[in-house]
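Input: one structure, supplied below.
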Amino acid sequence: MVRPYEELNGWTIPEVAGRIAAELEEGWFVNLGIGLPTLVGEALPEGKEVILHSENGILGIGPRKHTGETDSDLVNAGKEPITLLPGGSFFSQSESFAMIRGGHLDAAVLGAFQVSMRGDIASWKLPNASLGRVGGAMDLTVGSKRVFVFMKHCTREGTSKIVEECAFPLTAPRAVDRIYTELAVIDVTDGGLVVQDLAPDVEFEEVQACTAAPLQNRNVKKHSKVSEG
Amino acid sequence: MVRPYEELNGWTIPEVAGRIAAELEEGWFVNLGIGLPTLVGEALPEGKEVILHSENGILGIGPRKHTGETDSDLVNAGKEPITLLPGGSFFSQSESFAMIRGGHLDAAVLGAFQVSMRGDIASWKLPNASLGRVGGAMDLTVGSKRVFVFMKHCTREGTSKIVEECAFPLTAPRAVDRIYTELAVIDVTDGGLVVQDLAPDVEFEEVQACTAAPLQNRNVKKHSKVSEG
Amino acid sequence: MIHKKYENEEHAVADIPNDSTVLVGGFGGSGLPSRLITALKENGATGLTIVSNNIGAVSEGVATLISNQQVKKIICSFPVGPHANELIEYLETGRVELELVPQGTLAERIRAGGAGISAFYTPTAAHTELGEGKESRVFNNREHLLEYAITGDYALIKAHRADRWGNLVYRKAQRNFNPVMATAAQTTIAEVDEIVEVGDMSAEEIISPSVYVHRLVEIASQEERGKVQNG
Amino acid sequence: MIHKKYENEEHAVADIPNDSTVLVGGFGGSGLPSRLITALKENGATGLTIVSNNIGAVSEGVATLISNQQVKKIICSFPVGPHANELIEYLETGRVELELVPQGTLAERIRAGGAGISAFYTPTAAHTELGEGKESRVFNNREHLLEYAITGDYALIKAHRADRWGNLVYRKAQRNFNPVMATAAQTTIAEVDEIVEVGDMSAEEIISPSVYVHRLVEIASQEERGKVQNG
């Protein structure tokens, strides 16, 4: 039986963050967008050298500061207090975006409103909104070697965020390489969207049912309570 | 009687350098080209704060080092050992030329093969030479707020370096503001070349006779042994 | 002797006239020249075009100039925050014009302005709403937009330390838009924590060389003076 | 763990193949990666396109690769010096091609390559022999040339100090073309005096952030090793 979206128990958000953190490779330079993607930084295994970039001119950001004195000159792109790792560096905004646009970042992990089956991404403006907040999103999607989207599979209203064509204003066309949601890990390929992994206890058909674009079920390593137990 | 070029005793080269140094204003940022212009740096009065720029990424260069240990990482654009003044700074070549091209230098003092009556300057390539050495000359002539040329009035063969039209390949058109030679100080104006000052014991007619472009004698403050004595 | 220090921020911004284009540094509250902004509010110049990345993130930022009806046009990448309500209202009534620019393009346009590059081609924003109506061209099989340099009549920036010549160093991520804006204005005014002797900063660590900085306002000495007056 | 240190310069350049484009830092002898150049000579790759500002200023520079007939094309601003005789001969016989670029345009084209800017408009060289045949356009009543980005397959650069991540600092005017070339190559190889612990360099003083640097060759440790072997 194919259950509706609201009845699916996928991965938790920290589990998805951990999954992404695990897939970022040692030595990569990675930008984490505002919102969910920030959690990936917290999920990085101790000692794994993934160097985090922040648009406001930082390489080597450490965990966000949860306690103690904050420093208003040490904040991430979301203006949250952070820490700097040994080996970290500061530079200007023009250098920071030269780095982004010049293709020097191995990956960007970004949030999105919509991702299309061809990898178009819409993340900066809601339709008919009077104001968009573009920030660095367009540069990051155009410049990063890999663009990973980390988002909920559907909106609160249950509308699929994965679509055939983005209805919202685009951030960039054909930019996304992989989508991480609480239900699945989906690659954007020349042949369309390919589910690479499913959350435990979620069937491919259920994910397809709440996804407004065709998915392929290639190379699915199926998790289940039985096989895990 | 109008004497030929080789019989004229104008200013000495150090005198011209001193004259230029005196006319550079306190607080100006100035690039000095290779060759004669370098002498202007040596002629700056002690304590006068004219900040010298070097293409290879230096602001605040001090006198060239004549003695003692040299530092191969502290050289000017002519690769001569220099010193750095307190307040000096280092930056990359791209920043150095951003500074030049962006109009941040108050003046450049440059050498030249030819300067035309309209301020065209030819300084990087001899006609029919297989190689030119352009270096930073084109950027400096295009970017500096003021371009002063410091050169001998004529070649060794007695040919005027001030011409109606440059025969040599141009460095930049309409770039030069003022020409300093051992015979005269000449402004390039919309109305043509205007002699602003003459060396002592040199007549306007004599300078005109060895200059291959029409000169105007406006505002000439005539020096002579009598008036100076 | 070179002197770039002004007695206070009011004097430093006193000549900013109506209809100026003013670049304002900072990323949120970090590196924001808040005293200069306050002084510009008191100066009262109107019809301003403000180039600044974040509008509305903090109360003491550019939002205060908008509220004070001094702003004609905003060029920014991120015009939302708790203090942007009036901006939204003014935009809707057409009282303020907004030019929304991707952050990297904004930084690069300002850099181009400072570096004498009149225009450049970037792939950012191609095939998006923000690229509509812009001249485009394909390089390496990829569509690029032609983007034009931005320069300012004035730049208001914040730095940590200066010397008498105008050399600047910054604290941590305070750099953000400040060094690049310093290069792109006719007159760059820096609000700094302290002014040290020429030669006290290492030539290797200077981030904004003196050539880019025209006026300095020192916070420390004013606070010192404040203490004496109050004491 | 990130490791960018190579045992020696021969290993660091071993994979540079024929027909590569190689950016070579330095201004005269200052900041010249002379060990890497020597290693590239021993590597023997031919058909190289070399981008470097001065050609012929010093004997251990790019001139040595020209003499060794490894170079197909030179892109530079200042191709003259006591060691450029062979270059002149090879140019005349067509064995080497020369693209002469004004120094600022050269630096800016390399910066553009590193910064993802495919092309830009500069006033430099308009109405000159070096602008002939180039696309031009008027901005602000001034003719500008369209100039294209330069990128390298490899950059050979020299710095003073590195850490394990690849962060670099330079000595004085040794910076010159090195930091900008570091940004514009697929693989940037830095010859450094010494490698220090991560965290030993101040985050404020790093000039080339680690992201730009892929391989390190340390001179000090080799000299140390040389001493031990000789001792």
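Note that the chains are named A, B, C and D in the order they appear, and that numbering of residues resets to 1 at the start of each chain.
Throughout what follows, a contact is a pair of C-beta atoms (placed from the backbone, for glycine too) under 8 Å apart; a residue touches a chain by one contact, two chains touch by 3 or more.
Quantities reported herein were computed from a predicted structural model and do not represent experimental measurements.
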item: Chain whose mean Cα position lies farthest from chain A; value: B
item: Comparison of B-D and A-D by number of C-beta pairs in contact, larger one; value: B-D
item: CA centroid of chain A to CA centroid of chain B, Å; value: 58
item: Between chain B and chain D, centroid-to-centroid distance (C-alpha), Å; value: 31
item: Geometric centre distance via CA averages, chain C-chain B, whole Å; value: 36
item: Contacts with 2+ other chains: residues of chain A; value: 84, 90-91, 97-98, 100-101, 142-143
item: Numbers and ranges of chain C residues touching at least 2 other chains; value: 108, 111, 115-117, 122-123, 170, 172, 203-204
item: Overall pattern in which the protein chains touch one another (line/ring/star/complete/other); value: other
item: Touching pairs - complete list by chain label; value: A-C, A-D, B-C, B-D, C-D
item: Complex interface listing, chain D residues touching chain B; value: 27-31, 53, 57, 77-80, 84, 87-88, 91-92, 98, 100-105, 107-108, 110-111, 122-130, 170-180, 207
item: Complex contact set, residues of chain A against chain C; value: 54-58, 71-75, 79, 84, 90-94, 96-98, 100-101, 125, 130-139, 142-143, 169-173
item: Chain C residues within the chain D interface of the complex; value: 108, 112, 115-123, 139-140, 142, 144, 148, 169-170, 172, 202-205
item: For the chain D and chain A complex, residues of the former touching the latter; value: 1-2, 111, 113-117, 163-165, 167, 183-184, 197-199, 203-204, 206, 209-212
item: Chain D partner contacts - residues on chain A that touch it in the complex; value: 26-27, 29, 49, 51, 53, 59-60, 84, 86-91, 95, 97-105, 142-143
